[in-house]
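Shared chain: chain A. Partners: chain B in the first complex, chain C in the second.
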Partner chain A sequence: MANIGIIISLVIIFGGLLALLIRSVKSKEVDRRVIFLFIFVAVAAPILFPVTFSEKASPVVKAIFNKVESLPAGSKVLLSFDFDPAMAPEVQPMANAISRHCLYKGHKVIFMSLWATGQALLTQSLQDFILPGFPEKRNAVDWVNIGYKAGNEGVLNVIITDFRKMFPTDVNTVPLDSIKIFDDIKSCKDLDLVVSIGGGKPGPKEWILFVGDPGNVPIGVGTAAVVAPQLYPYYPAQVVGILGGVKGAAEYEYTLKETHSRFADMDTPGLRMMGPQTLAHVVIMSFIIIGNIIYIAGRRREKKRR
Partner chain B sequence: MKRQIPLFITFFVGALLIFSVFIPPMESAGENFTLFFDIIAVFAFFLGGGNLLRVHITKLKRRKQDWPFSIVTIAGFAFMLTVGIFKIGNPGGIAASVTADGSWFQEVFNYVLTPLQSTMYALLAFFVASASYRAFRAKNREATILLIAAFIILLGRTPFGLMVTSWVPESLSVLQIPNLAIWIMNSPNLAGQRAIIIGIGLGVVSMSLRLILGVERTYLGDDSG
Partner chain C sequence: MRRSTYIVMAVVLVLFLVSWLLKSLSLDGTSENYVLQGFLITFSAFLTLAVLSFLYKDNPFYKFAEHLFVGVSAAFWMCLGFWTTIVQNLIPRLSEGLARFFEVPPQPGEYNFFFYIPVILGILLLMRLAPKGGWISRWPLAFIVGTTAGLNFIRYLRSDFIKQISNTFVPLLGAQPHQWQGAGHFFSNIDLSASGQFVAMISNWVIFIGVFTGLIYFYFSKEHKGAFGAGSRVGIWILMLTFGASFGYTVMGRISLLVGRITFLFRDWLELIS
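Entry: the complex of A and B
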């Protein structure tokens, strides 16, 4: 049923695009509402009739995956959810995938957020996606949520020397001194890996500048696709790897499923979202071609007139 | 005096924070100042909340354009503030996290704010498509280069990119679309971004020095500096 649905949708989309392409030779501009309609069908069809593609992890994604994989069990990993609900559909899948991977490998995971809205999304991720798959993992022993603190880069400037000055307690007001994970952690310098997931400020870039560089702490980043190009100058010297947008999440999820059989039936929103993203990209590219044909045809007509 | 005191505070704090980076015994002083900053940052929330109320109450009183929306803003603000402070519906009680699962605060966040913000962001897909159609036209050499780069990146971010160029032999794998997309990100993009970052860094240094040395005084409400 899903296959028939997606085939019908593809026929509608490509049939429509072909008609527009033929029309474009006559140099007739396309109304923006027509573009909106095509994008709507291209995004809606793969959501209603899910299609998934196989992925091949790019070197930047593979690097961060390998880092998590190679750390010995019991390593201290900090995951910072630095995003809001607007960015969540793009970056939450990768945050969930990395969290699961870290817990599976037996790392001690510290969750936090530099965004006020990040704390609620972190709770949502923990309750709905991460912890149900790991009932054996205990709060304060295998993972801990220290929540959000105001102060942006200021927070990082303090926790690079002392966690307890900025986070005297976890999110449930339990003192950090009584949390087992923090027994041998004084500052960020005692962490084996920090992964910041977000795309705004403060976010991955601030983690690199205020924690990664001064503390010599390995930093991995997950970010929205539009922000990823800004982080490439830091790879590979200052960041371990980069997950960019839905594609980065999909590659990570695919590699995780391929590598560990435990995740064979894992929910993979990143891979699912590649369907709408792929079709939307194809539609956008088709409209770019149509736009250029219209432009060239129009220019030729003008020359003839002269 | 009204000018000299703020200038002195700026010079003192700025100089101290610079020295704290380079002189290890002064490290803790720098750290303490960062803590002061974080405490001040918390007060910004009070200021922001107060300002929001002032603006919308004034709008409501004067029945300015779109004043009914101010009622929604004030009601939403008051509601979230109340359920957040008193942790209404929170299964862990007053000591638990404000975002504990099941609390009213978290429920409203999950079922109202999250869908609303996600919807707004999702609308970008429509505008990006329309803007790409109009903007990416090969009008000159530079626009053509931009168009080709955009095309490769767009295709490289999808499985189609690999499908389309899977016939390219392994010895020429660099010409496969996904690899070309990676090359664009790793070379031209990286060079450009690095230049921008270095430029911004130098700009920040010079602006900071101007502030610390009192050359730049616009933050005092004086545009003569």
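Entry: the complex of A and C
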């Protein structure tokens, strides 16, 4: 059913694109809203009739995956959910995948957020997606949620020297001193890995500037696609690896599924999103090609007229 | 407003009510507050469609969604600022009694006279609203700008300047983690995989040429002619490729957000997918 649905959708999309090309070559105008309609169909069709592709992890993604893999069980990993609902469709899949991976490897995971809106998403993620897969993991022993603290870079500037000054308690107002994970953690310098997932300010860049470089703390970043190109110059000297947009999330999910059989049936929103991504990109590229054909045809016509 | 506008608004209202009713019925038994849940999902779907309707043309539904978003955001951030910055960060350091009143854990070891300084600066900042005392707000503003600049200067100098220059010094032969063992060894063991020595070397050459020609392009004290002009043209190509990569990533990001909204409409509202 899904295959038939997607084939029909492809026929409609490419039939429409061909009709548009013919229409444009005949110098008839194409309304901009037609482009929106095509993009809508290209995105909606693979959502209704899911298509997934296999992914191969690129070196930047593989690097962060290998870092999580290579850390010994019991390592302290901090995951910062620095995003809001607007960014969530893009970065939530990678946040969930990395969280699961860290818990599976037996790392002690500290969850936090530098964004006020990130705390609600973090709590929701923990309750709905991450913890149901790990009923054996206990709060304050295997993971802890220290929540959100206002202050942007100021927070990072403090926790690089003392966690307790900025986070005296966890999100449930339990003092950090009574939380086992924090027994041998005074500051960010005592962490084995920090992964910041976000795309705004404060976000991955601030973690590199205020924690990674001054504290010599390994930083991994998962970022919204818009910001990814700005973070590439930091790889590999200043960041361990980069998950750029939903493509990065899909590669991470695929590698996780391939490597660990426990995740074989894991929900993979990143991989699912690559279907609409692929088709939408094909449509956009088709429009660029059609636009260029029309432009060249127009120039030729102009020359002939002269 | 025209008569047709009223008719469209009435139709949308009826559709909204029908959708709310159907959604609530479908949620009956799954949630205690199924009527409220039904309303929230239907209203979210309405706002999504209202914003997307701008793609057709500007209309009252889009304006409503836009104004609602701005108003709710302003109110939300004001409340959040009060509860997270003043209540959670400041009050526990000022007074135990106030901390108890606001039900935030006090920090006994942290009481310090210096924490009254931000309170005073905060009040001074509000003087901008006073008709004659507006100039007073410049003092805390100057403090904010000064401290932010001072704090960021060192961090950016270290990470975005010194370390970035250091990152640009890459080996042109035998890129990490591979050691250069001579041309003979290189050509007899050539590895074209992404993690191989050949690809790593190409990457380093691209970084070297990209940085060098990019700098040439931005050097305006010498006319861009001859070999210098050729370097400058390579530099502009490198810049264009960078902008292209950024644009590609931006398109991917925007499509992801569209996927998120359409998934919400199909899954949560229309229940077409599970």
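Here is the rule we use: the second predicted complex is superposed on the first by the 303 of 306 C-alpha atoms of A that agree within 3 Å, B and C clash if a C-alpha of one lies under 4 Å from a C-alpha of the other, contacts with A are read in each partner's own complex, and residues count from 1 in each chain.
Rule of thumb we're sticking to: contacts are C-beta pairs under 8 Å (C-beta built on N, C-alpha and C of every residue); 3 or more make two chains touch, one makes a residue touch a chain.
Just so it is clear, the structure is predicted and the values come from calculations on it, not from any experiment.
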| item | value |
| --- | --- |
| Which superposed partner A:173 touches (first chain B, second chain C, both, neither) | both |
| Partner chain(s) touched by A:282 [first = chain B, second = chain C, both, neither] | first |
| Winner by number of chain A residues touched, once chain B and chain C are compared | B |
| Which superposed partner A:25 touches (first chain B, second chain C, both, neither) | neither |
| Which superposed partner A:158 touches (first chain B, second chain C, both, neither) | first |
| Which of chain B and chain C A:59 touches, first, second, both or neither | both |
| Contacts of A:43 with chain B and chain C, given as first, second, both or neither | both |
| Touching partner for A:237 - first (chain B), second (chain C), both, neither | second |
| Touched partner set for A:141, first chain B, second chain C, both or neither | neither |
| Contacts of A:7 with chain B and chain C, given as first, second, both or neither | neither |
| Doubly contacted chain A residues - partners chain C and chain B | 36, 39-40, 43, 58-59, 86, 88-89, 149-151, 154, 157, 165, 173, 225, 228-229, 233, 245, 247, 277, 280-281, 284 |
| Chain B-facing residues of chain A, complex | 30, 32, 35-36, 38-40, 43, 53-56, 58-59, 84-89, 117, 119-124, 127, 145, 147, 149-152, 154-155, 157-158, 161-162, 165-166, 171-173, 225, 228-230, 232-233, 245, 247, 274, 277-278, 280-285, 287-288, 290-292, 295-296 |
| Interfacial residue positions of chain A with respect to chain C in the complex | 33, 36, 39-40, 43-44, 47-48, 58-59, 86, 88-90, 116, 148-151, 153-154, 157, 165, 168-169, 173, 175, 208-210, 212-214, 224-226, 228-229, 233-234, 237-238, 244-247, 273, 276-277, 280-281, 284 |
| Contact footprint of chain A on chain B as seen in their complex | 27, 31, 34-35, 37-38, 41-42, 44-45, 92, 95-101, 105-106, 109-110, 113-118, 120-122, 125-126, 128-130, 132-134, 136-139, 147, 150-151, 154-155, 157-160, 162, 178, 182, 185-186, 189-190, 193-194, 197 |
| Touch list for chain C against partner chain A, complex | 55-56, 80-81, 84-85, 88-89, 92, 105, 107, 110, 151-152, 155-156, 158-160, 163-164, 166-167, 194-195, 242, 245-246, 249-253, 255-263, 266, 272-273 |
